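Below: a set of structures, written as structure tokens.
Look at the two complexes coming up: chain A is in both, with chain B in one and chain C in the other.
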Partner chain A sequence: MACYLTTGKHMSIYTSVLTVLLLLGITAPIALAFGFGGATAARSQITPLRWFGKTYIALVRGVPDIAFFLFFVIALDQAVEYLRHKVLCPGWEAPIRQGNDFVVCQAAKMPLGNAPQWVHESYGFGLAVLTFAIVFGAFAANVLFGAMRAVPRAQLETAEAYGMSQRQTFWRVLVPQMWVYALPGLSNLWMVLIKATPLLFLLGVEDIVYWARELGGTKTPRFTDYPHGDWRMWYFLALLVFYLLFTRVSEIVMARIMSRLTHGQATAGGEAQRKAAA
Partner chain B sequence: MSCLQIIQDYSLRAVGIGERLLPREDFTLCHQFTLIGSGMIWNVYFGLVALTLGFFLATALAMGKASSRTLFRKPSEWFIFLFRGSPLFIQFFFAYFLFLNLKSVHPFFEPFTAAWLGALVVLFFNTAAYSAEIFYGALLSIPKGDVEAADAYGLSGWSRFRRVVWPTMLRLAWPGYTNEAIFLFQSTALVFFSGFPAWQQRGDALYYASYFADKTFNPFVPYPILAFYFILLTLVVISVFGFVNKRLNRHLPQNTRQKIRLRPNLIR
Partner chain C sequence: MKNLILTTAVLALSAGMVMADGHGKTIRLGTEGAYPPYNFLNDAGEVAGFERDLGDELCKRAELTCEWVTNEWDSIIPNLVSGNYDVIIAGMSITDERDEVIDFTQNYTLPDPSAYIATSEDADLKGGVLAAQTNTIQAAFIAESGATLVEFATPEETIAAVKNGEADAVLADKAFLTPIAESDADLIMLEQEELLGGGIGLGLRESDGELKEKFNAAIATMKEDGSLNELLTKWEISGQF
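Showing the complex of A and B:
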């Protein structure tokens, strides 16, 4: 059994678990940054910027995410190749869209046709991260937008009364206080992000879903030392348990962070904490 | 070929009526609109049936979770955690292979390996778990006075539940439940991407949209069409649920009525 679980193929499923964790680790901050940018844009004084922020939030929220995942990866890929084509091959005469085909010159292919395998893989991974970040950025933007509006108006007025500029008010008063309002929404998003990771499979990354299907399938003695029947059910059961555990741990951690953030805030939770301490 | 002809051939393709072969070349806008629209039949079917069945199980689960008896509470809590804590995508895969294995044990499970029943069961349990959590939250926020008044009138047991607790729970839960319905319809798009095979290429809207994207290498036409259909579906769901919401709130004074606030749609 121990031997079976440490074959080369099984090592790749463990790496793909790490890939999932890596994806989460990279995507979460980027999505948060996108969200912060979107929320600030949506409440900006400059009208076009505000429109941009609001459209971004509204557009991504209205459409099933999976459609976005399928759409963005091809769209981003083509956009990158189109730009590189324009820059690298100025002398190219033929139209790029020939009917249903998308043709760019060899030098503009992304990644280059002769690039090593790992470049292809990490390029796909990078596109996946960007797609996740764009979609979850919109949700985060919505949460943060709400949180910024939830900070009591009196707090901002006090800051203005102290002579702080708009920028100072934003960074010193609004931003530190908004997190407590944003956290329930953000932790919800985090849970959803965890549960969205299997969709990587659809983006063509060789992730845990791919390996579970691959390894679980019926193996004949001719190709492997460990023949077995159709075990895909057990592999997916393992994945199910993995995700359940991950969710449970996240729940506990989020509860901890929440109780820390509530400390000293002018909310019902903060009040309750103060009473409990006193 | 005129557009009318295409609509005749393909508008019911997803349920197996009409032209057998999918178009292979000369994809017109009309082809894409018709076939993707025909795929929406499955999305509507999955969403509608799962939502209707899930509603009853959700009520039972919410009552179970709010119960003081451990015998009822624990199973409900576990059920809800199991389906809310893991990705729907993995649930689909697991269920499909589970049914495949069960099929060899007993032929009774034969239909479960097809999407129309197997995926439906998963969606049914899934939406039941999510709605149960919403209903449970609403159950906890029923005004104390309402229940006390019911007690004072001598209502108890089933009649108290039917006349006071349940309507109030629904009224409070309805905005959240509307969102849940929207999510459910959107997550039906996952079905044919998660193990369940599309028999004779009878797939849902996303299945056809990705078929076109694959064939034409151009995602900019089929996916916006898909988005258009889903937005349409979402608008229908919102208006139907808004109508019910109005009815549930009809005894309240105008200014205390609960409005439905739409929350972002999320993957499960």
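Showing the complex of A and C:
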């Protein structure tokens, strides 16, 4: 049993758990930054910037995740290679699009064709982070946009009455107060993001669900030292436990953050905290 | 014979010159890793099977540095075409439809008869529900016949569909089904077989002519000295060259 659970294949599923956690850890702050940028742009005074923000939110939220993952990543990858091709191989005569094929010179390949496998994997991982950040950034932008509007108008008017500039009002009054309105929406997004990681496989990154399916599949004695029937149910059960635990931990952390943010706020929650203390 | 070696040598030489751009390039071999005995992941999580042995030998003969990559069957052609790897070596039968999108080398297996696996002898192959993997010659065959086709993304799921009664039978390559039927008492291989496809070949981008010639030459030498037949016997795949 111990031998079975420490085969190279099982080691891969353990590493993929780390991959998924790492992806979440990197993606969440970047997506939040994208969201903040998008929300700020969408409520900007400058018309083109506002259009940009609103288009970003509407467009990305409207496209199905799977379509976005398949199309955008390939397009992005090819765009990068196209630019590198133009810069690095000026003497190249052959067309880049040959029928179905996308052909660039060797030096323009991303990553280079002779790069070791881990470089390919990190590149795929990087693409995954960026794509996740763009998709979830759009949702976060919408949440933050709504949260910014939920801050009581009187707060902003008071700030202006004190002679604060637009910028000061934004950073000192609006932003600190909006988080409490944004958090329920953001925590929802976080939960969805946790569960969206199997989309990684579309990008060639092998995640836990892939390995669970591969390990749980029927193994005939000829091809393995550990033949077994269809064990996918047990592996998926383990996944279920993992995801539920993860969700539970997230919920506890979110509740803590929420009670911190509520402190001193002009909301029902803040009022309740004040009364409990008094 | 002499002539063949000469042409091979000439081809290899000229290919070497044209490939100046790709000098020192690593050839990435893309496979599915879920279709024993052709390709699967062994206990260590590495690609193994008939095609692993074959691919390594071909790369040695063609003097290429090769590397193995796994990719889902569904997107295996799009990812080749967009350049994520250079060769498909995944038990892919040569068909006219695929040949329009990618190029194939000469075949390295003879057409392997496709067989049915079911839970009972009297499964209805004419009008029943038959399972096959998406985008395979078997799926295309069932779609043409009168039976109802249910498609699955992985070979594993097609077998599971028969075991839980969702489908009456699975149609797949015989070499894949044989070890499954042997190790599972509930499943039996049916008498009826279908001859589909034109054998398995390596899939390459249509623009990769030089690479294709290199592999063609290497396959030819393996057919010539009988080492390909040895591999076929070792992995119990029917048909000898």
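Convention: the second predicted complex is superposed on the first by the 272 of 278 C-alpha atoms of A that agree within 3 Å, B and C clash if a C-alpha of one lies under 4 Å from a C-alpha of the other, contacts with A are read in each partner's own complex, and residues count from 1 in each chain.
Keep this in mind: a contact is a pair of C-beta atoms (placed from the backbone, for glycine too) under 8 Å apart; a residue touches a chain by one contact, two chains touch by 3 or more.
Predicted, not measured: the structure shown is a model, and the values here were computed from it.
K.L.:
Between chain B (first) and chain C (second), which does A:F236 come into contact with in this model arrangement: first, second, both, or neither?
P.N.:
first
K.L.:
Touch test for A:E214: chain B only (first), chain C only (second), both, or neither?
P.N.:
The second partner, chain C, only.
K.L.:
When the two structures are overlaid on chain A, which partner does A:M11 contact: first (chain B), second (chain C), both, or neither?
P.N.:
A:M11 sits against chain C, while chain B stays out of touch.
K.L.:
What is the contact status of A:F71 with respect to chain B (first) and chain C (second): first, second, both, or neither?
P.N.:
first
K.L.:
Would you check which partner chain A:P198 touches, where first means chain B only, second means chain C only, and both and neither mean what they say?
P.N.:
First partner only, chain B.
K.L.:
Would you sort A:W118 into first (chain B), second (chain C), both or neither based on which partner it touches?
P.N.:
neither
K.L.:
Just checking: does A:L244 make contact with chain B only, chain C only, both, or neither of them? Give me first, second, both or neither.
P.N.:
first
K.L.:
Scan A:L189 for contacts with chain B and chain C and give back first, second, both or neither.
P.N.:
After superposition on chain A, A:L189 lies in contact with chain B alone.
K.L.:
Which residues would you name on chain A as touching chain B in one complex and chain C in the other?
P.N.:
Chain A residues touching both partners: 70, 74, 100-102, 201-202, 213, 230, 232.
K.L.:
List the residues on chain C that touch chain A in their complex, please.
P.N.:
21-22, 24-26, 28, 33-34, 36-37, 40-46, 48-49, 65, 67, 69-72, 75, 78-79, 81-84, 86, 101-102, 154, 156, 159-160, 163, 179-180, 182-184, 205-207
K.L.:
Going by the contact rule at the top, pick out the chain A residues touching chain C in the complex.
P.N.:
Answer in residue numbers: 7-9, 11-12, 70, 74, 77-78, 81, 94, 98-106, 109, 113-115, 117, 120, 201-202, 204, 206, 213-214, 217-218, 220-227, 229-230, 232.
K.L.:
Looking at the complex, which residues from chain A come into contact with chain B?
P.N.:
Going by the criterion above, the answer is residues 61-67, 70-71, 74-75, 97, 100-102, 138-139, 142, 188-189, 192, 194-199, 201-202, 209, 212-213, 216, 230, 232-233, 236-237, 239-240, 243-244, 247-248.
K.L.:
Within the complex, which stretch of chain B touches chain A?
P.N.:
Result: residues 27, 81-82, 85-91, 93-94, 97-98, 100-101, 186-187, 189-190, 193, 206, 209-210, 213, 215-220, 223, 226-227, 230-231, 234, 264-268 of chain B touch chain A.
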